[in-house]
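Got some structures for you, see below.
Both complexes below contain chain A, partnered by chain B and then by chain C.
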Partner chain A sequence: MNSVILSSSYVLVHTPDMVIHNGSTQNTERVVNPDSEYLKALPQHIRSFEQAVAYAPNQVYIGNKTPNFLNSLAMPWYDKPIENADKFGRFGQIMPQDEFYLLIQACDVFDVVNLEKNFVAEILPKFKNNPLIKEDIALRVKEGKDIDFIENIVNNEHGEGLYHNNKLVGSVTRGHDVDVNLSAHVLHENLVSKASSVLSLLQLIKNANIDANDVEYVIDCSEEACGDVNQRGGGNFAKAAAEIAGLNNATGSDVRSFCAGPAHAIIMAASLVKAGTYKCVAVTAGGSTAKLGMNGKDHVKKGLPVLEDVLGGFAVLIGVNDGVHPEINLDIVGRHTVGTGSSPEAVITSLLSAPLERVGLKMTDVDKYSAEMQNPDVTKPAGAGDVPLSNFKMIAALSVKKGQIERKELPIFVEKHGMPGWAPTQGHIPSGVPYIGFAVNDILENKINRAMIIGKGSLFLGRMTNLFDGVSFIIQKNSGKKESEAISEDMVKEFIAKAMRNFAESLMGGGNYDK
Partner chain B sequence: MSSIKDKKIIVIGDRDGIPGPAIDACILAAGGQIEYSSTECFV
Partner chain C sequence: MDLENQRRVKDIAEANGPENVMVILGAAEGEAAGLAAETVTLGDPTYAGPLTGVSLKLEVYHICEQEIKDQIPEDVYDEQISMMEMVLDVDDIVSEMQAIRDQI
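Moving on to the complex of A and B:
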């Protein structure tokens, strides 16, 4: 039987100082143009935590508003804060940077993270008050070091600084004197990814209301790589995060395919559960420091706040069919193959219409499509356009070409089957998966029957292939049958064998056909 | 618009728009010469 989506979680971490100190756009600018006007102006364009919480797309991400709400809000959205916005939402929370630094230290098992002792003393009570932070994690936070110790690591030992309100409050020590794969920069990036994945997993366990020990396998689908000089991408982020999140019965592994990673991972998780290999699988991903302020130059140039100031994280829990939760239909898996080609039409056909046609469905039979759900408030000022809208127009155009809708119905199709984007531009984070939480609710509330999640990945960025990548899958209303009620092939064979034995005996005059 | 036949072309494709290889195919069909081609991700 198809496996089901039991729960999901969506978290954000507001990281204003990391935008300045760790974003790749800013780091590159410091190298090539250290005295640039952009770097001078940047601090005046950084949002406060309260502003990030009140930002409508962030409220949608954590589930306090629906995607449809954004349709009623005229763009731009950054200057229309939500009144009385809550940092806690239906799907997750927005964690402030100071608490997150303590979580990073809780995730550090090699003593590379050091925090300044006064900072720890000030933030620890607040950290402990976070409903997701239980005693086992709070106890992992160390007392802290003198600022001299931290300054020495950053200034003389090739360490990475942790800043809060533009003040040095901690450091990440390099893991090796020579190996660049264990540099403080790489360790910092990986610890951030791990910590935001841990936050997503903790939120998932809470949302699903299960025992953490019920999870048997974890798949990490972020875009970072951990390893040393001899195994640059050795992994395993999944198991490392599961350890801190207390998933003691789980093992795990990492799945990578740039932004397509989450869709691949969910298809694999659904397959593992359907095959009976594991009963309960969590797919998780933390956020990317490199992408913070990625389009900052355009935002600053246009007088906007730097809108890429949050890390994203999500997790999805997939389990055995319970007859209630929405199913992942593995009979309708779209795939961009090596031979598909790279034209937009070929890509969209392979991911959308081809898998639907295999089971006799039309494009209009899918109630909602979720492809690239990047927030257009971020991308439009940077000249990258409205990515979700472009995707939905392409899907509608293919429906016209297939003769499934009239050309004049194109805008209606986009409105009915599409959504405005709300996810931060964190690569894998906006890729199809932001809608899963809403899709599960919409299906359970009988608002829709079927949604398609589409993941697309830019493999060419790794310089190993010019190929594009993508996979898609369908989430659908549960048929109502539980795994335990289903009849297995072995049971069918047993029924037939018994019936044939009875029939044979009746022919021989045994007369017990009805036995 | 002038013809691109025999012109040297630099191609920057967009992963969420028209990717480099698709533009390459059009340019080659029209007789242009591709000096450099890549696809970039802007999101």
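Moving on to the complex of A and C:
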């Protein structure tokens, strides 16, 4: 039987100082143009935590508003804060940077993270008050060090600084003297990914209302790599995060395909559960420090706040069919193959129309599509346009070419089957998966029957292939049959087969069925 | 235009002579097309890449511009480009491209 989506979680972490100190755009600028006007102006364009919480797309991401709400809000959205916005939402929370630094330390098992002791004393009570932070995690936070110790690591020991309100409050020590794969920069990036994945998993367990020990397998689908000089991408972010999140019965592994990673991971998780290999699988991803302020130059130039100031994280829980939750239909899996080609039409055909046609469905039979759900408030000022809208237009255009809708119906198709984007531009985070939480609710509430999640990835960025990648899958209303009922149905079939065999044997035995 | 692509364009122009090279863009937005066109003609406007201060003045067109469309067999264009053409704001792209070419 198809496996089902039991729950999901969506978290954000507001990291204003990391935008300045860790974003790749800013780091590159410091190297090539250290005295640039951009770097001087940047601090004046950083948002406060309250501003990030009140930002409408962030409120949609954590589930306090629906995607449809954004349709009613005229763009731009950054200057239209939501009144009385809550940092806690239906799907997850927005964590402030100070609490997150403590969570990073809780995720550090090699003593590479050191926090300043007054900072720890000030933030620890707040950290403990966070509903997701239980005692086992709070106990991992150490008392802290003197500022001299931290300054020495950053200034003399090739360490990476942790800043809050532009003040040094902690450091990440390098993991090796020579190995660049264990540099403080890489360890910092990986610890951030791990900690935001842990936050997503903790939220998932809470949302699903299950025992953490029920999870048997975890798949991490972020875009970072951890390892050392002899195995640079050795991995297992999944198991590392599962350990801190208390998933003691789980092992796991990492799946990578740039932004297509999450869709691959969910198809694999659904297959593992359907095959009976595991009963309960969590797919998780933390956020990316490198992408913070990625389009900052354009935002600053146009007088906007730097809108890429949050890390994103999500997790999805996939389990055995319970007869209630929406199913992942593995009969309708789209894939961009090596031979597909790179024209937009070939890509969309392989991911959307081809898998649907295999089971006799039209593109209009899918109620909602979710592809690249990047927030257009971020991308439009940077000249990258409205990415979700472009995707929905392409889907509609293919429907026109397939003769499934009239050309004049193109805008109606886009409105009906698409939605505005709300996800932070964190690569894998916006890639189809932000809608899963809403899709589950919309299907359970009978608003829609079927949604398609599409993951796309730019493999060429790694210089190993010129190919693009993508996979898609369908989430649909549950047929109402549980796994256990399916077993009894199979048993009935077996009884019938046995009876037929006996009947046949009796015929071959010379008509003794009369007996 | 990303730094690696700038380097490749610069290398190709140096190896073949700028007068023998034409750049064909596929950007989905007028502004992005204009920025890329500016980079390969007047130089990198973001002052970040290898084409900063390098004015290659290469011939540059977008794939949806009529001059290029006329060079491509109709069936190939239909298969490869027509769906995107339905989606793009071609007029905006053409005007951005022309504005850059007018500056050369």
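Annotations for the structure displayed:
Please note the rule applied: the second predicted complex is superposed on the first by the 490 of 515 C-alpha atoms of A that agree within 3 Å, B and C clash if a C-alpha of one lies under 4 Å from a C-alpha of the other, contacts with A are read in each partner's own complex, and residues count from 1 in each chain.
Quick note on the criterion: contacts are C-beta pairs under 8 Å (C-beta built on N, C-alpha and C of every residue); 3 or more make two chains touch, one makes a residue touch a chain.
These numbers come from a predicted model, not from an experiment.
Looking at the shared chain after the overlay, A:K297 reaches chain C, while chain B stays out of its contact range.
Once the two complexes are laid over each other on the shared chain, residue contacts for A:S343 go to chain B and to chain C alike.
Applying the stated contact rule after C-alpha superposition, one finds that A:K401 touches chain C and leaves chain B untouched. When the two structures are aligned on the shared chain, A:G462 is found in touch with neither chain B nor chain C.
By the document's definition of touching, neither partner reaches A:G234: not chain B, not chain C. Using the contact criterion defined above for the overlaid structures, shared-chain residue A:L410 touches chain C, although it does not reach chain B. In the superposed model, A:A384 makes contact with both chain B and chain C. When the two structures are aligned on the shared chain, A:T28 is found in touch with chain C, with no touch to chain B.
In the overlay built on the shared chain, the residue A:K393 is in contact with chain C alone; chain B does not reach it. Residues 343-344, 383-385, 390 of chain A lie in contact with chain B in one complex and with chain C in the other.
Listed in rising order, the residues of chain A touching chain C in the complex are 28-29, 32-33, 297, 343-345, 348, 383-385, 390, 393-394, 397-398, 400-401, 407, 410. On the chain A side of its complex with chain B, the touching residues are 259, 341-344, 372, 374, 379, 382-385, 387, 390-391, 425, 430, 456, 458, 460-461, 466, 468.
On the side of chain C, the complex with chain A involves touching residues 28-29, 31-32, 35, 46-48, 79-84, 86-87. Within the complex formed with chain A, the chain B residues making contact are 15-22, 25, 38-39, 41-43.
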